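In the two complexes below, chain A is the common chain; its partner is chain B in one and chain C in the other.
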Partner chain A sequence: MRVDFFTWNEIFQNIPERIIKRYKYYERKEEWARYLSPPQTFAIYGMRHLMSLKFDSSLECLRLWGFIFNETERLFRAKQINKKIIAVMGDLGGIPPIIYSFKSLIGFYPDCLWWQPFFSENYNLFEVTGKASFPETSCYSRVIYATFLKKAYFPKPDLIIASTGASCDDYSCVMQKVYNLFYKDKKTEFIWLEIPPRKEKRESAIKLLKENYQRLAKILSEITQEKFTIEKLISGIKRVNLIRRNYQRLKELVGKSEIAPLGSLEMLLLEFGNLHFYSDILEWQKILLGILNLVRKRIKDNEGVLNKENKKIIWATPPADPLYLIYFEDNGTRIVGSEYIIHQALEIIPINKNKDPFTALAESYLSASLIGKTKERAYLIINEVKKYQAKGVVISQVFGASHCAYETEILKEEIEEKTKVPVLIIDIPLPSSEIPLQTKTRINAFIENL
Partner chain B sequence: MRIGYFCLYTPIELLKALSLKPIRLIPSQKFDLTSRYFRYDACPFLKNLFSNLINKSWEFDAIFLLSLCDGQRRLGEILQKEINNLKIYEIYFPRTYNLTAFQFYYEEILDFIKLFERDLNLINKRLKEEIKILNEKKRKLLEIVNNLNFLKKAEVVKKFWEIGDIPENKFLEPFASKKEKVLFLGSYFTPVDWSIAERIEKYFTIVADSFCTVSRGIDFYPPISNLKDYLFFYFSKIPCILRRPNKIFYNYLKKKIDKYQINKIILYALKFCDAFSFEKESLKNYLKRPTLLIESDYSSDTTLQMETRIGAFYES
Partner chain C sequence: MEILTSRERFNLLVFDETPDRVLIFPLITNHSAYVSNYSIKDYYTKGEVLAQSQINAYEIYQIDFLSVFSEVGIIAEALGSYFEYPQEDLPKLRKPLFSNLKDYWERKLNCQYDEGKGRLYLYFDAIKILYKTLGDILPILTYIPAPFTTLALLFEPTEILKEVSIPNLQKKRILKEVLLLITDFTIQFMKSIINYGALPIIVDPLASGSVISPKTYKNFALPYEEKLINYLHRYDLDVILHICGNTQVYLKELNKSTADLLSLDKINLIAGKKILGNKFRLIGNFDTTEILLLSPEEIRKKVKKLVLKMKDNKKGYILATGCEVPFSTPKENLLAFIEEGKRWGRYKF
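Now for the complex of A and B:
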């Protein structure tokens, strides 16, 4: 069932204390490690946008939300319990399998905080970047710089890994600015890694990525003073693969099912869980498994969360404002597939006895959404359309984001030509509690034509 | 074969050693027609470059593209869709100073060379000759343009890249001005932007610049060496704001500021050019000079406003 924020809070009141106490992060026993809180808590902390959204009323999803919104607290706690904090920027998915091969490391993507101003309906982080003279016509990811300045969203990292190259310009500029903040700081090491493009000849790119990863493993070993072994990496990769595999199963079940067993907002959060597992891989594994079982049960019971008649669509590029997903669902569509520019974080890392695990990581990363030709990204979307028999595609964009300026029309053309389904392109504006009327009209017209 | 290019990292000496004729693409005109594959927030330079290609502003057979920014990296795919019979060579140039990334670039160049010539010894021999010739020409050019005002310098350097022409010194008037000195830097600077420099020079003297189409292109001299060392020079020594980290670029600016005792900086960013528009604050902090950011999308609507801002900067 999908419920509004207020109903969601009422439902929470009925959860027995013993269940609330059951869920703890970092496998800790202490009371401070609890993360299941009333949704109201997050709204009071500033996540006002929650009041405009709709949520899955299950305990499994409540657990998901509690876990995600607890991440800031969790990162500060990690520091207190002597974990080393690694901020990973730009590569979106390639590096965490290495980080999570070390017991005392917690890796996270500050990149995901681009949702922060939207969930809080607050311009404050944009104002900070404005004061630093960042251009208004650039990707919303610019707020990440502000989160480093504010020092409230995550503790000071022990290491920052910034990846750039065959990637977007906006975030490369943001990382440069973050580098400027840290390069004199002896306590925080900052390393740059190159993201190679995907070309026909793959050997050089694999070699480059492999050397990146080997270098990184060495640095991490020095930071943790923990010996790095190939066995540890293999076991780290296996853990990550388990999560990726379960997410793939979940996505297929949700997308192919006659009914909609889960809403798109939760699916978005689950997909992004593949990046850094919201800073606690073991607990994330359990949360994901819980939702997978819930979906299986719902399919068996023929219990959907949306109207059965809703038209199937695919969503490309993650919407900065989650309200758009809800609006589409409320108005007759169902998002069955996605290409949220993190394809590299969804692919199974191909480890086997004959392959060096660094090579496997590199090969897996070469499936990244944005490192190749736009045509190749279009195929990812086209595959989703065909796989889930979608009736349309929505591409959400950010005005001024470098890749959007060059890829959108090619994507549209390729998708329309190969699938014959309509494509709607929308720009997501700055944080607001409402979708602009003109955009609503365009969305409604698109849905009517599906 | 005539081959067009625009990025400063293009190994021109190598292109010549391969018996290709490199032509630097510095558009002189602004056309309104552009490709539908560019969204309105695409780089104005790339859009105008495309329009100039369609309008046949240059005669060439192929284009050599590097990948310093996202727009450049994606340009090849758009050109492929829009222009028939244009050979496109796309080479990945690293953003970082990672040595394995250099190796990646080096291998890309080797593959490119193989398309024209299999004898690497021969290429190395020819390359040394070409480096020597171009270095000599650039040194001579630098001597000449050092005495010119900024716009004349931009014009002479443009001609040099286009047709290899170095004018006689006696035909050029040396320039002297007592106006306040500024450093002028920013996005790819073409004749379409020259009116901005004219406006600046109403109030200031542009004594130094770091445009890759003006000074930066003739400030660096690769060693007369083998292919790998030569490419490594391009990779490691030539400054560009897009490289990560971009400290070498800042050091280059610092030297200019000290050499010419400059008090103010004017940063020119094309609309949606992240590389420069993100850097205003860093320039101000690192170079410790007042910095004015002016933006343009080649539209004439903004010129009056721009002049007012330059005037206010002069008074401040």
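Now for the complex of A and C:
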């Protein structure tokens, strides 16, 4: 069942104390490691958008929400218990298997903080970024620069890894600004890794990625003073593959089911969990498995969270504002597939006895959404349409963001031609508590035509 | 311009991290009506006036917290005590619900919770406006009278204070029964507050050491404060307990509290830091008479001394007044307090 913010508070009253205290991150025993809190807790600490959203009413999903919103505190606690913090920027999925080959490392993506202004319905991060001369018409990911300046969203990283090459142009600007910020401060290591822009020259692309990964493993070994071995990397990859595999199963079950066993907002959060596991891979694995089991049970019991009649659609490019997903679902659609530009984080890394794991990592990374031609990304979306028999596609974009300007129209043309389903392109405006009326009208018209 | 919003600063504090500077929290309640030229009666009876007063106070003073508070009788009134609202004076308890314990025993207490009871709406209306207007950058603290304080305002105060000081077994049982009923009602009230986006701060002014003995505090105040704290901890909220007056006499009892932040009034806070500072983030405690009567220069000197002695408290420190800022405190006094607090409260960041 999907419930609103206020209903969750009523449900929370009935959750026994022992269950609330059961779930802790980093397998710690201290009280501060608790994370099973209702949306109210995070709303009180400023996440105002939560009051407008709808949530899955299961304990499994409460665990998901609590875990995700607890991440800032979790990162500070990680540093307090002497973990090393690695900030990974722009890579979107290739590096965490290497990071999680080391015991004392926690990897996280500052990139995901682009949701912060939307969840808090607040412009402050944009204002700070504006003062640093970022143009207003660029990707919302520009706020990440402000989070580095503020030092209030994550502790000072022990290493910052930034990607260059086939990375979003706007985010490249952010990374350069962050680099300038830390360049003066020689105490924080900052390294650039290169992403090959095209995959036609497969061998050279793999070689480039592999060299990058090997260099990174060496640096991480120095930072942790921990010996790096191939066995450790294989074990890190296996852990990551387990999560990716479970997510793939979940996505297929949800997409192919007659009913909607899970809402799109929870699915979006789960998909992004593949990036860095919200800074605690072991706990994330358990949360994901819990939800997978929940979905299996719901399918067996024929228990959906939306009307059965809702029309199936695919969503491309993650919406900065989660309210849009809820609005689509409330108005007769069901999101069965997605292409959230992190395809590289969803593919299984093909390790086997005869393959060097660095090569496997590089091969898997070549499936990245932003490497290669736009038509190849369109193909990923077309595949989703066919696989889940969707009736339409929504592409959300940020006005002025470089990759949107470049590729959205090409995606639309290609999808419409190959699938014959309608494609709606919407701009997600700056944070607000409501969707603009004009956009609602366009969305309603699109849904009517499905 | 400061780099952090108050929310970000407060979050760092509760994560056990050092923020850019000490948070500043003069307990500005009805003084906000004074600087906004609203009548006291309107402030105590109209949520939009309370909210607008707080917004004005924020604009003038650039404080780190908003305060939603009328007076400590709000729950007693919702339960049936009668308060009067003079146009230009504080609300007055005119007729408590019960005259004594016998009266309670004969009539009993209707504790059915309803958001429409008494003046509870005042808080809800104010919080909704404040949350929408400034809730993204400022924590909204809502003062919740603890059960002992409400108890004292449900009965003739002098009678009930006598009863709690030397209770026999039967009276003890009755008192605990009433306190439990009040606690349940208070928890429901907090649940509503939480729904609207504010952080409850528990206040127990009538459990002050100036009013009751340590033994009475231990028997009739602390256990019920703890029930409220436990409820808030279910949410993983950081609980602030504020006790007015002199708590010096029961500092050791206070050390047993499970609150996360302690706001104290008339104690030697610098000495208290040794007993409480490893466990609690401390809030306090500039003398409220001094903030009213001293010159800005004198205030500056005293704030500097307090901040420099307290800012290294192990679990963190918030510069505050010991209790509510007096209604007609001169603006320049409060501005001096805040400016000096910000100046000396800087941390290496």
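The criterion applied here is as follows: the second predicted complex is superposed on the first by the 450 of 450 C-alpha atoms of A that agree within 3 Å, B and C clash if a C-alpha of one lies under 4 Å from a C-alpha of the other, contacts with A are read in each partner's own complex, and residues count from 1 in each chain.
By definition in this document, contacts are C-beta pairs under 8 Å (C-beta built on N, C-alpha and C of every residue); 3 or more make two chains touch, one makes a residue touch a chain.
These figures come from a predicted structure and were not determined experimentally.
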Side-by-side fit of chain B and chain C on chain A, or clash: fit
First, second, both or neither for A:Thr408, with chain B first and chain C second: first
Contacts of A:Glu194 with chain B and chain C, given as first, second, both or neither: first
Residue contacts on chain A - larger count, chain B or chain C: B
Contacts of A:Gly400 with chain B and chain C, given as first, second, both or neither: first
Apex chain A: angle to the C-alpha centres of chain B and chain C, given in degrees as a multiple of 10: 110
Contacts of A:Gln80 with chain B and chain C, given as first, second, both or neither: second
A:Leu149 touches, of chain B and chain C: first, second, both or neither? second
Touching partner for A:Asp169 - first (chain B), second (chain C), both, neither: first
Partner chain(s) touched by A:Leu208 [first = chain B, second = chain C, both, neither]: first
Contacts of A:Tyr183 with chain B and chain C, given as first, second, both or neither: first
Three-chain overlay, closest Cα atoms of chain B and chain C, distance in Å: 17
Residues of chain A contacting chain B in one complex and chain C in the other: none
Parts of chain A lying in touch with chain C, wherever the complex brings them together: 5-6, 9, 12-13, 17, 20, 32, 34-38, 40-41, 43-46, 48, 51, 72-73, 76-77, 80, 120-122, 124, 128, 149-153, 155, 433
Of all residues in chain C, those that touch chain A in their complex: 3-5, 7-9, 11-12, 15-17, 19, 131-132, 135-137, 139, 191, 194-195, 197-199, 234-237, 349
Residue ranges of chain A in contact with chain B within the complex: 132-135, 137-138, 162, 164-170, 172-177, 179-180, 183, 192-194, 196-197, 199, 201, 204-205, 207-208, 211-212, 373-375, 399-410
Complex contact set, residues of chain B against chain A: 36-39, 41-43, 67, 69-71, 73-75, 77-78, 81, 92, 94-98, 100-101, 103-104, 107-108, 111, 242, 244-246, 269, 271-272, 274-275, 277-282, 293
